Structure formats: structure tokens, C-alpha cells
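Both complexes below contain chain A, partnered by chain B and then by chain C.
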Partner chain A sequence: MSADRVLQADVGIVGAGPAGMAAANVLAAAGLRVVVLDEGHRAGGQIFRQLPVGSHNAGAIAEPPSHHHGHALLATFDQSRVTLRCGASVWDARPGRLWFEQDGASWLLRCRHIVLAPGAYDRCIPFPGWTLPGVLTAGALQVMVRGFGIVPGKRAIVAGSGPLLLPTVTALLSAGVHVVAALEASSRWRALRALPGVLGNGARLSEAFWYARQLLKAGVRLRWGWTIFGCEGDGRVQRAIIGKVDRSGRPRRETAQTVDVDVVGAGFGLVPSIELGLHLGCTSRWHEGGAGHALVVDAEQRTSVENVFAAGEICGIGGAEVAMAEGHLAAHAVLHAVRGTAVPVAVRKKARRERGAADAMLRAFAPLPGLHELAQADTVVCRCEDVTLATAQAAAALYGSSLRAIKVGCRAGMGPCQARICGPSLQALAGREPTRAMDLPVVQVPLKAVRSETIVNAPPA
Partner chain B sequence: MTNTRIPGLGERPPVEFTFASRSVVAQAGDSIAMALWATCDLTLRQSSRDGAPRGVLCNMGICYECLVVVDGVTVRACTTLVRAGMHVELGGKP
Partner chain C sequence: MAETADLIVVGGGIIGCAAVQHLAQLLPRSTRMVLCDRGAIAGATSGSCMGHLMVTPDDAQEYAFTARSVQLWRELNERHGGFDYNPTGALYLADDAADIELFAVLRQQFIDCGDRADILDAKQLRELEPGLAFDLPGALFYPGDGVVLPMLACRAMLQEARLHNPNVSVRPNCAIFGVRRAHGRVLGVDTAMGPIDAPIVVNATGVWAPDLAEMAGQPRLPIYPRAGNLAITGHHVTPIKTQLLEVSYIRFAHGTAKVDPTRTDDLGGHAVNMQPQTNGGCLIGSTRQFRGMDRTLNRELLHRSLLRAQRYAPGLAAAPIVRTWVGLRPFSIDKHPLIGPWPGLEGMWIAAGHEGLGISLAPITGLLLAQQIAGVKTAIDHRPYLPARFAP
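And then the complex of A and B:
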């Protein structure tokens, strides 16, 4: 009966990552009824991902020093009176209402205030052979190691751009994988632009040193200005073709070399998960670093929609420190709305400072336009609908290079991922306009592909 | 052939299910995708265009590349946990 499947709370939080947990801890301590919904199977989010119940990491998987914040946050969260619903996919929302599917059942959460903290996902750039089993996103390999304790393979290549390559390499090393090469498409000089953000921030600096030491110990050298040109194999990845790129990211084919691997992790940064926010009607902006669209929030994490707040990666890629600071701030903004208590100045300042440092990083690792030349005419660009680059380009030539036109022209982006994978590079690829800001994705209910019974049996608002 | 698990994390209770009619022993708390990765079953579905094998891409519920059929229902293998006695088949078009 659907009547049983309705929850009530003062605040509903989507996401049990650092942003969502930080917000939940403050709100629960203040005595509000808080329900946190997360699609994952335990709290922690991407960075503080926990192994399944029954397994423990007593040092087998190396963790950077900053993770003690995560342990503290999780400990408080576990002891708090927050109701956590895991394995819960939020697929529809409106102000004050969140619909989710859990264990195949359809649920509704009625809550006056909503805090959106759904994080981000890997940014993909297609290259030949990227559909072969064994070629994963960089994030996927971290989930495999840190979330499930599984060994990804014997010989790996990690390629892409941005700070996330480092935790991916250390996760692989912890699992005993031989990391044949770690390829950063940005040049060393371009990466220097991140320095202001790192130098002014002790935590980020010690984190960078920790990762550098791990790589050094294992004899893995980060190759700047290199990337993956393609993958080959019979039924699964067996070889990777790697080489140098020029300053705009264009492959220098004459430098290509082939290496034997059995697993590849590729990640070209992260894209904020803004779909729920867009569906709720929240205003978004294009991040000038080219990292995607992010929700617009005011100085205290309020979105443009009343009683809807947002924190963490959904407001722009920034990492765990920003996420925690903003989650904290969002909670105080909710308390202000409920009880009229003032938002502490220090909390606001901390969030502002962390966000500033993060933005400097983002600019240094903004997607290089030339990487869109990796895909060849027969490379699948939309994996759901199996659309090749040639087909997408023909569609763009005929109908125009807006996201909508390309979709209508060739079905790219119409599959269940709702263009989360192909969208960020589709226009650059199909319209041959590599520097163009991507159109806002068109989001549709269900925001997550849930069972049709879930939609039919959804409890009424 | 099996890929291994990282030693020293503690074993969880065994969970047996079938994949393409073959028996697989996983551990409680594994996702279907990771249980199959541990037994080197990387192909989870086939492309509708050319039948090419596809497997885990994002491992976090975003891409829908890992769709499999569990007891007649299509689910994401990376976000669905193993259950004793479940029958898992290769998925098709997402």
C-alpha cells in the first residue's frame, strides 16, 4: 500500500557525502527531523566511501591524511538521530517533496526544506575503444577498490586530467595493481595555475605532498601532456595506445606507443549532478572553466527556489573540504529559515575561502578542447543509443549543433543516462565547436531510470 | 580465472547466485557488478547495434552500461547488491 510508503521530516537531504552529512549533523543536533536519501549502500559519498558492512580497512588501502575529517564526520553522522535511507534513488522532486525508489518500492518524503547534495560524476571524453569492457572511468576504479575491496586487474593505465587522477593511482597501488603509466593531459605549466589555490591552503598542500610521496614510493611518474589515444582488445581491453598531446590537448599521433594492460581508468574531471536542481527549477550557471553547469546559490547556499538549498559539488566542483564547509553553511541557512537564528559569520567565511581555493584548481585543469580529436568517425560517442561520431556530426550538420538538435537528429543523449555521459562532450564533438559552452541538459522524470511500477505506484504529493 | 579481493579487509558471508546459468559465489555486500568482476565476468550486456560487449563504466549508477536482468527485471548491476539464489542474465539495450 502506498500509504505506508510516505515519510515526514523537517528537512530532506539528497546525498550522504561530505556535504549532505555535514548538513545533517548540524540539523539533527539542533533537534530537527532529518531524512537523508542516498543511492549508495552506505554513507560517505564519493570520497569517504565505506566498504560493505563486515569489511574494515585497517590500513590495507592507503588513505590521505585529510580522510580523518571523513572518519570524524561519519562517526558523528552514525551517532546522530538522522534517518538514513540507503539504496534510495531520488527520481522526482518538487519543493517540499522527494520521490524515491528503494528495494524496488516507491516512496515519498514530505519535507518542508530540501538540501541538495548529490555530488558529481566523472567527465568522459570518447576515444576509440572506450566501450571495451575493462575501460572504466577513473572514479569507477576508486569505487571498486575503496568501496568493494576488489582488485581491478594486473596492469593498469590511468589517463585524464585533474586532481582525481592521483587518488585513482593510489587506490590501484593499494590493490597491488601495476600502474604502467599515469597520464595527465594538462602540461606541467598549465597546472601551475592551480598553485595559488593550493599554496594558500595547508590542507590541500599536505594532501598534494602525500599523493606525490605515494607515487614516488611506487616508482610511478605522472606524465604531463600525455593521454590515452585508444584501446584495443578481443572482448575486453588488452592494449592501450598512449601518446603526447599539444598544449590545446590535440593528439600528436607521431608519439603514439602501445602498452599491454588489462584495465584502464579514464577521467577528465567531474561534472556536477545538477539534474534534480534543474528539475526543481533552480537557476544554474555555466562554469567558465568549462567544467559544466552548476547550481547558483546565494552567500548562504540558498538556490533560486524557496526552501531548496544546495551544497558541495552540485554548486561547482571543489572537493571534500568545500563540500563539508558548504553543507555546514546550508544547515545554518535552514536553521535561519526555521527558527530565525543568525548564520555564524565564521561558517560563511570558511565556505567562501574553500570555494575560492577550489576554483583556482578548476581553472588549471579545465577540459582541453583538443582532446575531442581523440574520437574517430566510427567511435561510439553516445553509448546508450550506440551513435557514432560520424552519425552525430551528420546530424549536427543537418539540424544544428544545439544539444536538442543533435538529439532529435540522431538520438544521441536520448538513452537512460539522459546524456550524463555523452552530453558534456557531444556538442564539442558533433558540432566541431570544442570551446563552446554546452547547452543545459534537458532533464526528464524519472531522473533516474526506475521501474515503471515505481512511477505508477508513486504516493501522491 | 578469478580476479582477487584485496587481502586484509575481512571476509563477509558467502552469497551464491547464478550468472548466465553458471553458479557464482560472492560475498554479502557485493554489488552484482563487483561480484562478477571478481570472477572476471566483465561483459554485462551487449550493444544493440553490433552485439559488442559492454561492461561497467562509471560503477556509481550514472551510465546504465551495466544493465543486467535479475529474475526478469532489468537493473543496474553496479547499484544492485547480490542476493542468494538470484538469477542474473546478460542485459540488452539500456
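And then the complex of A and C:
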């Protein structure tokens, strides 16, 4: 039965976002057989997310000038001789082999080279009421608005840290939602650290101006050094409590005020999705600025495992421009491995420049440790297993401060998301040791939840 | 200056925690007790196993040993709770006519021990567990078994210990590097956090028990890691509400057939063991394979056990599997745990080697160990479990 569910390719790419598409376009143009696997319903990834095929979009979602790169990329991708498998979850892998589930069926992709471009997750920092309906991560809000054309509510507040807040605000504005305020936890002065990255980078500069203009036009105030303290409501969010934070992100409770809202977007940055890379045996490093683990790659996007390349957020949070440049570079590195062609110097330089600018951005908006004080004793920190902060802290005190100890001590992180949501904050929250690097997550098959019969019917390697 | 304690338990798994609990209950309140673990509490075998509380009626001694332990679990739950104790009973299943005959044999064993078990026909089985395959011929239901979440039970045991003795010190990330001794007596241990002087050291380190014994100058204990692959589904999809196992599991897991744990070519075997979780998940086991300390997944064995689980509960085929993993059971060569003093070294005690029944047997193990250390009469005959049987 499984014999015909095997694909062959020269290159398997995981992720059809900017990095994956950029790599695919180059490789397909060079005549290689390319298969791209993506969990979404269409190509684009999180940032260039497209509505489902056949749905009518007003086309009204305002986009910054840089997004024309995304449209060009998508257009080329649609035209190129690439096999795209949507709705595909990669759940097991080894070098040269990717097992995935698609429409409930078990598939294997055999490919000489693998390019990892799986993107990132929203970083969640728990606060009281964050599990109420109507409170969404910045990423989830964008999925609703841009991916499905759903208008999530009437009055919104957006809070968090980093560049991702701005597209969240503009997506909500485009959907006709009144955005009461946009709260950036970093101070204006801290944000200045991003300047070196932005000033030397024309695209980023014009993007910043574009967003500033959008906010101004809609009358949305960007409040620096503010954040959300909590949400309240009967059955769903009705009020948000907001206030100022000190330089380390600690809430200044005396500044708290209440605003009526029915939607809250919380975006405290992103965490690289590295599970697949770790499972393949790739070396990772703790990325201090990004407060997350990222894969280690060489100057041409090679991981520590032969024939496995990585590009984009998996190498450190950086955004679409970095992802495209690195995807491009990774493709040339693959071509070098296959055909011995030289990697163009300009491509390498471009990727390095974009990464440098992104790192400056990361430093400016690195998660403030004090934000972990937003959660109260009864705040749920692991929403899969309904574990409160007090329970997680008790577990850390008795079982040990490692991620493993907290998990077995209160089962946080053992549910369906496998600690993707709570993991990045769990140690900082439970141990109140915010500056320490978190433990590397232990990766186990299946990398994404798949049907039991998908595992049983997996085609042999 | 070395720290001084009266007693050190090495190994923060379920056995070490149960030992601390019962020692705290039996020894004076002033006893200075330390529990050390090289990693997290419940971080190794006790955090990667199933939680079946199982009564085995092989003979009167075995029945007393297992049933008393399940009774102690019930009592711990009444006093503490918080570890998903669920007295589901156990259903022994068969899909093979030959195995059906085992129902009557097993039922008679329970009766001979003064207990009961009921043979269900196909209709009664369907009423009890409508999520099972309709073509199953029947089952044996034993009401006395149950399920716990082992890793959370460790906390309840340590809390209970602290009620009796607030000075119990629990130290995760505190590996033992050496056992100091002189003139045939234990003097203490060297740990990652410095030396501790103590006249009594309990080796409750499961699959690592032979290593600690070697540090203490003992011959290697005949305890061998036996790997098991496990899988767990997402929430709210379990097709069952009772602890289920194939009746052939008895033969497979607890049979008397000779096994050689030192063979390196063990292909392993499997028999279905399925466990409903409080959150609606279903834990699926179980496989057994000797291959040293290797904890990489054996896909072949995992596939076979998932397929076998689907045979009994067809709905599992479409259930999402969120995680699989491998745990190591501390298999003892004669299939009985080692509980008691080591004859050649005064002050050295052992509580290890429970293979797949460590969770179920933890309370009685802790009790028998504590009673022997305290010098009081043991609750049941403890002699079959004395480590002296392996002393030279």
C-alpha cells in the first residue's frame, strides 16, 4: 500500500516561506528536481500568507513596500517547476529522507539534499487571562486576517515587542478593526539599538517609515515601555489591563489602567523552529539576543550534517529579507555540492548584510526578563496540560530546575504542542532565572503529531 | 568539613521516593535524611514508563507482595492525591482461541489467592469497553488494578515524607562519584555538591544500581536495562477507560522462560498494554528489548506495538500520536527485585531491579526496606527479595 507513496527528488525543502521559496526558485531554474513540503494550504509562509484558493479577497490588506519582493517571489515560485506539497507535516527524518503526513496518508520523500526552512513560532509570555477567547498571538491574528479573511473583532489592543507588532496592527486596521493602542515593551532608547541595522539598510528604513505612516494615518499611538498586564472578561476577553514597564520589563503596577477591547494581539517575538534540525543531528547554539536556540550554519548555510542546509528563521530570527537572502544562498551552496559551481560572492554578501541588520534588530527587542513577572500564581503557563505558574514553580523547587525536571514535575510541555508554546518561557517562569539559557528541547518522533497509522504505514527508507 | 547525615538515599525515582517516604514514617523525626539524584527527580525510568498498578497472583507470596503494594497506593491517594490515581481495574484481552484458555487459568489463580476476577463474554466486554474491536471473544476483568502518573506520584511521596520529617533534603542534579567506606562499613558518599558522611546509604538507582554497587566495591549486581518503546496520543481520544493488556503479556513480561540479558542480538518482543490517561490520552506499550543503555527508538518494535494496539482498539489508527520515547527497565536476572542490606558492607542497602513493575511495587519496596532498616517486623515475608542471594 505504501509502495507508491514515495517521492524522489534532488532536493527536499521543508517550508514554503520566503527562505524555502527563494531556494526552490534557484534550484528549479538550474534544472534540479525540487520537492517543497509545507504545512500551510498555499505557499507563502507566515509573512506572505495567501488566502485559500478560490476565496475572494478584497485585496485591501495594506502591505509595506518590501512585500513586492514577496509577490515577485511567489509569482516565480508559481511558475517554476517545483513540486509543492501543501498540508504536509514532516514527522520523521534522517539525512536524505523526509517522512511526512499529507491528507492522513503516510509519505516518504527521498532526496539527496535537504534545505530546512521551517520558520518560527510565536513566543508566548503568559499573563493573567491570556487563555481567554479573543486573546491571540500576533502570528495567529495574522493567520486569521491574512490567511482566511476573518475579522476577529471590533476593538483591539496589540502588545508585545519587536517588529512583528507593526504588521499585526496594519493587518487589523485593514480588516476594519479599531486598534486602541499598540504597546511596545521596549523603551524608545532601547529600540535605538536597532538603528545601526536599519540605517545601513534602505529597505528596512523605508519599511519603518511606511509603518509609522500607517499608524499615524489611523491614529494609533505606539506606546513605548508599555505592555499588557492582563485580560478579563466573562467567557471571552472584554477588558485589557495595560500599564508601563521598567527597563527590565517588570510591570509597574501603579500605572495600570483598563481599556475595553474584544481582541488582544500579543506578540513577544518569535522562537526558531529547530526540532527537525536537531532530529537530523544538526548542531545548534544558544542565540542570546534572540533568547532561543538556533541552528549553526557556515558562511554558505551548511549545517553540521552533510547535505543538510538551513535558511531563514531556523538560523536565528531575522525576518523575510534575511530568509530570502539565505534561501538564495543555500540554493547556491546546494548547486555547488551537486555541480561544483561557485557560490556568487554577491549572494553571500547580501545574506551576511541582511543577517547583520536583523541581529541589530534582535538585540533591540530581545525579550525583557521582567515580562515573566506578568504571570500570577494562578496564571496558566502550560495550556495543553493546564499547569499554573504556582504548580510549575513547585515542580522546579522539588524536581530540579532543568526543562526535563519541570516537565516531569508537573507535566508542563507534555501535551499536543510538545512545549512549543510554554517551553521557551518555562524555565524562566518556574525558576525565575530569566538570564540563563534554556535547556535544548529533547526531540522525539513524531516531530509533529500524526496519526498512529501514519507511523505504522511509513514507507521504508 | 563534610556534611553529616544519618541516611542517604541515592536515586530520585519512584523507588527512592518511596524509600524516603517510609523511612521518614518509621525513623525518628530527628533523622537527617538526604535524597540525591544525578538528574531530575523522576527524570529517568520513572519519568518514561507506564503507571500500571498490577496485582499478579502467581503464588501466595507474589500476590501478597503486589496486592499489598496496590493497597498502599490507594492509601497514599486518600492522603495526598495529585497523581491521577485511577482504580480502573484491568482487562486481560485475547484475540487467539489458545489465549482464551488462559482466562480461566488466571481467574483460578486470583481465586486461589482469595481474590476474584470475572470472565466477560463478547457482549459484556462490548458494554464495558465499546471502543474495542467487535470481534474480540471476551476478556478477563480483574477489579483490583489501577493506574497512576508515576512522575507526579514522586511528589506525593516526598510530601508525605516531609510531613513526618521536615528535614528530608531533596537534591536533584547531585550525582554520586564515590562511596567512602572502611573496615567493612559505609562512611558516606562523594557527591557533585561535596562529600556527605552517613552510616547508611540506600542504592535505589534502578538501571544504574550495578554502577553504584561497583563504586562501593561490591561485585556488579545482576541488573540489566531492558528497553521499552512507548507512544502517547493527544488528549480526549482514548478509546478505552480501563487498563488493558493482552493476556499473553503475563507470559511475555512475567513468564519464567529463560532470558539472557547479556545477548547483544535481542530482537525484542511486544505485547499490548494500553492505559487511559486522566486527560483523555492513551498510553500505548509495550515492548521489551535488551540492548544496553541505548535509548534510541526501535521503529520496528514501535510499529508492531502500535499495529497490535489498533487490532484491539481500531479507533486508535486515526488517533494523533504526539510523542514516542524509550524507557529503560531495571531487569533483575531472577525476575525479583533486590530489597535489603548488602551482606559484605555494613550500612549499604539496595532497593532496585523491579523491571516493569517498579511503579506498582514502589510502596511495598519502600515499606520493606524501611522496616528492615528500622529493625521492625516486616509487613510481609521480605526474604525472597534479600540481595544476599547474589552475594558471593
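Following the convention adopted for this analysis, the second predicted complex is superposed on the first by the 455 of 461 C-alpha atoms of A that agree within 3 Å, B and C clash if a C-alpha of one lies under 4 Å from a C-alpha of the other, contacts with A are read in each partner's own complex, and residues count from 1 in each chain.
By definition in this document, a residue touches a chain if its C-beta (ideal position, glycine included) is under 8 Å from a C-beta of that chain, and two chains touch if they have at least 3 such contacts.
Everything numeric here is computed off the predicted structure, so don't read it as measured data.
In the superposition on chain A, A:Thr131 makes contact with chain B only, not with chain C.
Of the two partner chains, chain B and chain C are each touched by A:Gly415.
When the shared chain is aligned, chain B and chain C each come close enough to touch A:Arg451.
Look at A:Gly400: by the touch rule set out above, it reaches chain C but stays clear of chain B. Taking chain B and chain C in turn and counting the residues of chain A each one touches, the greater count comes from B. In the superposition on chain A, contact is made by A:Val145 with chain B only, not with chain C.
Overlap of the chain B and chain C contact sets on chain A: residues 104, 384, 415-416, 449, 451.
On the side of chain C, the complex with chain A involves touching residues 37, 39-43, 46-47, 149, 151-152, 154-155, 158, 170, 172-173, 231, 233-235, 279, 284, 297, 299, 302-303, 306-307, 309-310, 316-325. Within the complex formed with chain B, the residues of chain A that make contact are 39-41, 46, 51-61, 87, 89, 104, 121-122, 124, 131-137, 139-141, 143-145, 147-153, 174-176, 235-236, 380, 383-384, 386, 415-417, 420-421, 448-449, 451.
If you check the complex, the residues on chain B that touch chain A are 3-13, 27-31, 34, 37-38, 42-44, 47-50, 52-65, 73, 78-79, 81, 94. The touching residues of chain A, when paired with chain C in their complex, are 104, 384-385, 394-395, 398-402, 404-405, 407-411, 414-416, 418, 444-446, 449-453, 455-456, 458.
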